[in-house]
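Alright, structures below, take your time with them.
Across the two complexes that follow, chain A remains constant while its partner is chain B and subsequently chain C.
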Partner chain A sequence: MSTQTSGHALSAAEAGLVACTTCALLSRPADAANPGDCPRCGAPLTSRQRNSIQYTWALIIAAAICYVPANVLPVLTTTAFGSVESDTIMGGVIYLYASGSWPLAIIVFVASVMIPLGKLVALAYLLITIQRGSAANSHQRTRIYVLVEFVGRWSMLDVFVDAFIVALIQLKPLMSVEPGAGVVFFMAVVVLTMVAAQTFDPRLIWDAGNNRQVQHG
Partner chain B sequence: MAEPTDREDLPKATVVRPKRTRISIIWIIPILAALVAVGIAIQRIRSEGPTITIIFNAAEGIEAGKTFVKYKDVIIGRVTQVQLTSDFARVNVTVKIVKHAAPLMVEDAQFWVVKPSISITGISGLNTLLSGNYIGFQPGVSDNSWDTFGGLDEAPVITEQRGRQFVLTASDLGSLDTGSPIYYRRLQVGQVAAFDLAPDGKSVQLKIFVNAPYDKYVYPGTRFWNASGIDISLGADGLNVRTESMVALLVGGVAFDNPPELGQTEPAGPNTTFTLYRDRVAALRATDPYARRYVLYFNESLRGLAVGAPVTFLGLPAGEVSSVGLAFDAASATIRPRVVVTFSPERLLAYGNVPAEVQAFKTAMQDEQKRASVLRRLVEERGLRAQLKSGNLLTGQMYVALDYYPGAPKVKLDLRQPEIVLPVEPGTFAVLEAKLTSILDKIDKMPLEAIGRDLSKDLASLDVTLASATKLLNNADAHVVPPLKTALEDAHNTLVAVERAMNNVNTTILGPDAPAQQELRSALQDFARAARSLRVLADQLERQPSSVIRGKTDAGSGGR
Partner chain C sequence: MRSPAFGRIAIDQEPTLETVACPDCDLLQHVPPLPPGGKARCARCSEVLVHQRADPLDRPLALTVAAAIAFIIANAAPLMSLTTVGRESSTTIIGGALEMWRQGSEITAVAVALCAVVAPGAHIAFMLAVLLAVRRPPAPRWVGELLRWAHFMHPWSMTEVMMLGILVALVKIAQLATVIPGIGMYAAGAFIALLTAVMVAFDPREIWMRVQWADGSTPPSPARVVNRPVSAS
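Moving on to the complex of A and B:
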């Protein structure tokens, strides 16, 4: 691959051009401050997403805040034969592990605890490196970003399972499952990180290596 | 300070375009998230109730995180930890109590483990079969909040259902137990809450709880009795079989009722003490406030008369025999039966049909003076007497009847004694016995042997007489019968002649064609005709009285 060309590649912004984020058409902006719309698909053109870093930061922080109650509050409240049990995500993982189904425990742990946390950390890392103008490991960082975006759609698995179980297991009065408040926060974490991954403009990763003077903001 | 110089070699300040540090609206999202999270956290902290420790003898079915503390089926706490005490003798159960139930955690609150129990009175705690045991809770009345409690091994029977608690005193427990039902008119209205030996050890005290709508039927005069099993009594009033419900039959129970003579009074206060009677009969015949004891000196055998036998007044039950015994009088060397009866006029008043009369009589009864005079008049003027009567010929049960005997010899009633002696009338059985005895005596006195001897002598002579009579008759047969036969034949002939003559008469005089008959008939016809003319004349005169003078006018014109 073209890893060696990283620092020297000419970017569209440097060339005074704008690439359409929708149809990838390279065009000359209408004027520097206000690039105008894509001549082919009509999408608004931006050299870099506006306020990308600020937006991403806000969403990441919101997600980080939500991550705490998502793990502290129960996600499922099971009422079976009169006994009420509330389970948090970690509680479920521990239960699965303790009852011997450690592969399942690992899946749940990875999908529900590690991935959201990893996404938060990864995005925070990307933002910090961009703000510090770091040009190192741009390839790795891009890969991280691709991974974050790819994984995002899978982290709703937990919410899905929750919704399924709650809808299916309503054998009142013998057994019923109610969603807990934790699942709402968990969903918020997933949605917020997904949106954060969208608002993050990966082109910023390369700007530092190409031109330290590029404004991001 | 000095003036600014104009030297070229100094660097020129650069003008940097102020960076637009506009705060994007996106920051509302994390702020919102933070607010919600903090809000939940605050709510959590605020709703955090106290943590208490309950010490149980055994943590049967108690699991950390799964066992709840329930009060009125509402979860007020959850077990967070189950540990042995430091001396390993008991179990410390740590419970997190919900905030709103925190004020309930007072010094005398009670905790116990609710587990399924199946007894003959019913199945309780069945829900725990599915949900597992839970810890029951009963709030206390103290104001001191507390955090360490001793758990009870058994559930206290009374939960604070509305109602009242009463105390029953019984000679023994019988088949009663905590939880035994209390019946009122065969309706289960409560249960036995607890029982204990009285402090002096001579009786049993039962705490019973009568549930709310029914507790108002417990009056100070209410009678309680042990309704356990079947109560079969064979008394002077026949065979009685009484049971309460099947449950009571199997496990026992307590029933109560109000004697009919008990009027509407204030309900009994809580913890009123009552006597628990052996059975219904004993309970309902228990003395009433106006009951008095009277002494009866009978002059006959008391066999068949038992303590508790009814005393009737004009056939209505109005008391019972309190004691059956003997009176000894050394001076006159007499020993005679002495029967003490309890007579309850209150009970008679229940039979009163006219309320005004009953009320008047009741007030009179309350006045000791009037009461005495009523009794005196009843006995001295009306002839009220006590009499032993047989209630049941089969079993020989006796009872005491108070009835009027106007013909009884007059007596004076001594009202000064504490226990008034009522005059008695010999019992019907005794009278019958006496009469039979006298008849037998008379029979006994008859010289039966002499009579027998005379009789055989007489029979011998009779034999002789009969022999001569036979001879005489044989004579008569030979000499009297033949002429008698001729005489009879003659008589027969005569009768035949008479019959013929009569037939003649029949045809001439009485027969349909007899001349006499013919004449008689024509005469009667003439007579009938004459009568008819007379009637026509009479009619004519009635219509036209003037016709006697003026002659007959055209028929029918007069009236029309």
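Moving on to the complex of A and C:
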């Protein structure tokens, strides 16, 4: 292969090149195993994020564990005119729905229940297919990853809802609202899955296909 | 616009500054010169590789200055005030985090402060410094470092999520009390719109082309890449 290649798609890693994840400069390190630092921005070069699969698994398992108390424990405790009431995340959704604001109920349900769960399932699926060396559906799997990365931040919605309700309703002794233990776990789920999306390296999705083509070609 | 003009790279070719590896799938490809506003997508996974901006330095700078002003007002002025049974309370953005802290939820308070105040503030401040410093190339190396930090802060800057959160909180409170939106609320709305415009107008490639290299040498490419032909290799 000397000039324009045929049908074979060449990745930077196969060509002995490394793209800097900070400034995107391509460089050819002398030693592929120890590429050193980017000549332009000085950031350490890695062809693929180091231990991407292990880190991402660890983070999503931790997030899955936190997901249970996040949904079971109350996120808000309201003390109004002497009576005490606790609300979980689902309770908040039902309250919104019952009070007639079903569009907001759907938004909170999607952001707080569907997105965290969907992210855990999606990242687990991506990791399993990579570990099994699957070369199929790489295009769709990349789409899933881009979506996971994009929507993740919106799960923080419920944390902000709780914070501002707590901040505004401090009318002691008539009525006050306190954050419950569930908020911390819920926030842990959001933060852990966001970090997991960052430690996951989408280039691994395509490596199985690359290797196969190299072997056959 | 999906460009058919991509050249795939042969294994013994040396990369030029027009050669990119897709950040999502690592495919090597040449990016042809693009007209202002043109986009080049990865030939394999369709991720946007290059988006050539019409005005890559002045427009984002103007928008960033406006966004910084909106951010300061959004944080200084009260977001909203609430009256119920003759009593009044009001809150600012940081007030939401402070009250969480006082109620014993310190970790949540720190996260709210980070995502609603610290990350957006740092992000816009770093962007401002980068866009100002890069006006006289070659830009010093700390510009690249700040750009890296701005990029790191961006996903944690959640002003728009916060605004939706406030909306939901207000609907929940509405039956208990009367809520009056404050100046901070409008400023936060303006900040969200301006920050979105900054990110659309901004192109990190334009910054990296003007930053000094790690060994102290000046950037090898001319300041403008727009009209440069693809190097034949």
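Here are some notes:
To be clear about the criterion, the second predicted complex is superposed on the first by the 201 of 217 C-alpha atoms of A that agree within 3 Å, B and C clash if a C-alpha of one lies under 4 Å from a C-alpha of the other, contacts with A are read in each partner's own complex, and residues count from 1 in each chain.
One rule holds for everything that comes next: a contact is a pair of C-beta atoms (placed from the backbone, for glycine too) under 8 Å apart; a residue touches a chain by one contact, two chains touch by 3 or more.
Treat the numbers as computed from the prediction; the structure is a model and nothing was measured.
In the superposed pair of complexes, A:97 makes contact with neither chain B nor chain C.
Chain A is touched at more residues by one of its partners, and among chain B and chain C that partner is C. After overlaying the two complexes on the shared chain, residue contacts for A:160 are found with chain C alone; chain B is out of touch.
Of the two partner chains, chain C is the only one touched by A:23; chain B is not. Judged by the touch definition given at the top, the superposed model places A:41 against chain C, while chain B stays out of reach. By the touch criterion defined above, A:142 reaches chain C but does not reach chain B. In the superposition on chain A, A:85 makes contact with chain B only, while chain C stays out of contact range.
When the two complexes are overlaid on their common chain A, residue A:192 makes contact with chain B while staying clear of chain C.
According to the touch criterion, the shared surface of chain A, contacted by chain B in one complex and chain C in the other, consists of residues 174.
Residues 7-12, 14-15, 17, 19-21, 23-28, 43-47, 79-80, 82, 84-85, 87, 89, 91, 95-100, 103-105, 107-109, 111-112, 115-116, 141, 144, 148, 151, 155-156, 158, 161-162, 164-169, 171-173, 175-177, 179, 204-205, 208, 211, 213-215, 219 of chain C touch chain A in their complex. Interface residues of chain A, counted against chain C in their complex, comprise 1-5, 8-17, 19, 21-28, 37-43, 92, 95-96, 99, 101, 104, 107-108, 138-139, 142, 145-146, 152-154, 156-171, 174-175, 178-179, 183-184, 187, 191, 194, 198, 202-203, 205-207, 210.
Chain A makes touch with chain B in their complex at residues 51, 54-55, 58-59, 61-63, 65-66, 68-69, 73, 81-85, 174, 181, 185, 188, 192, 199, 217.
Touching chain A in their complex are the following residues of chain B: 19-20, 24, 26-27, 29-30, 32-34, 36-37, 40-41, 65-66, 68, 75, 127-128, 130-132.
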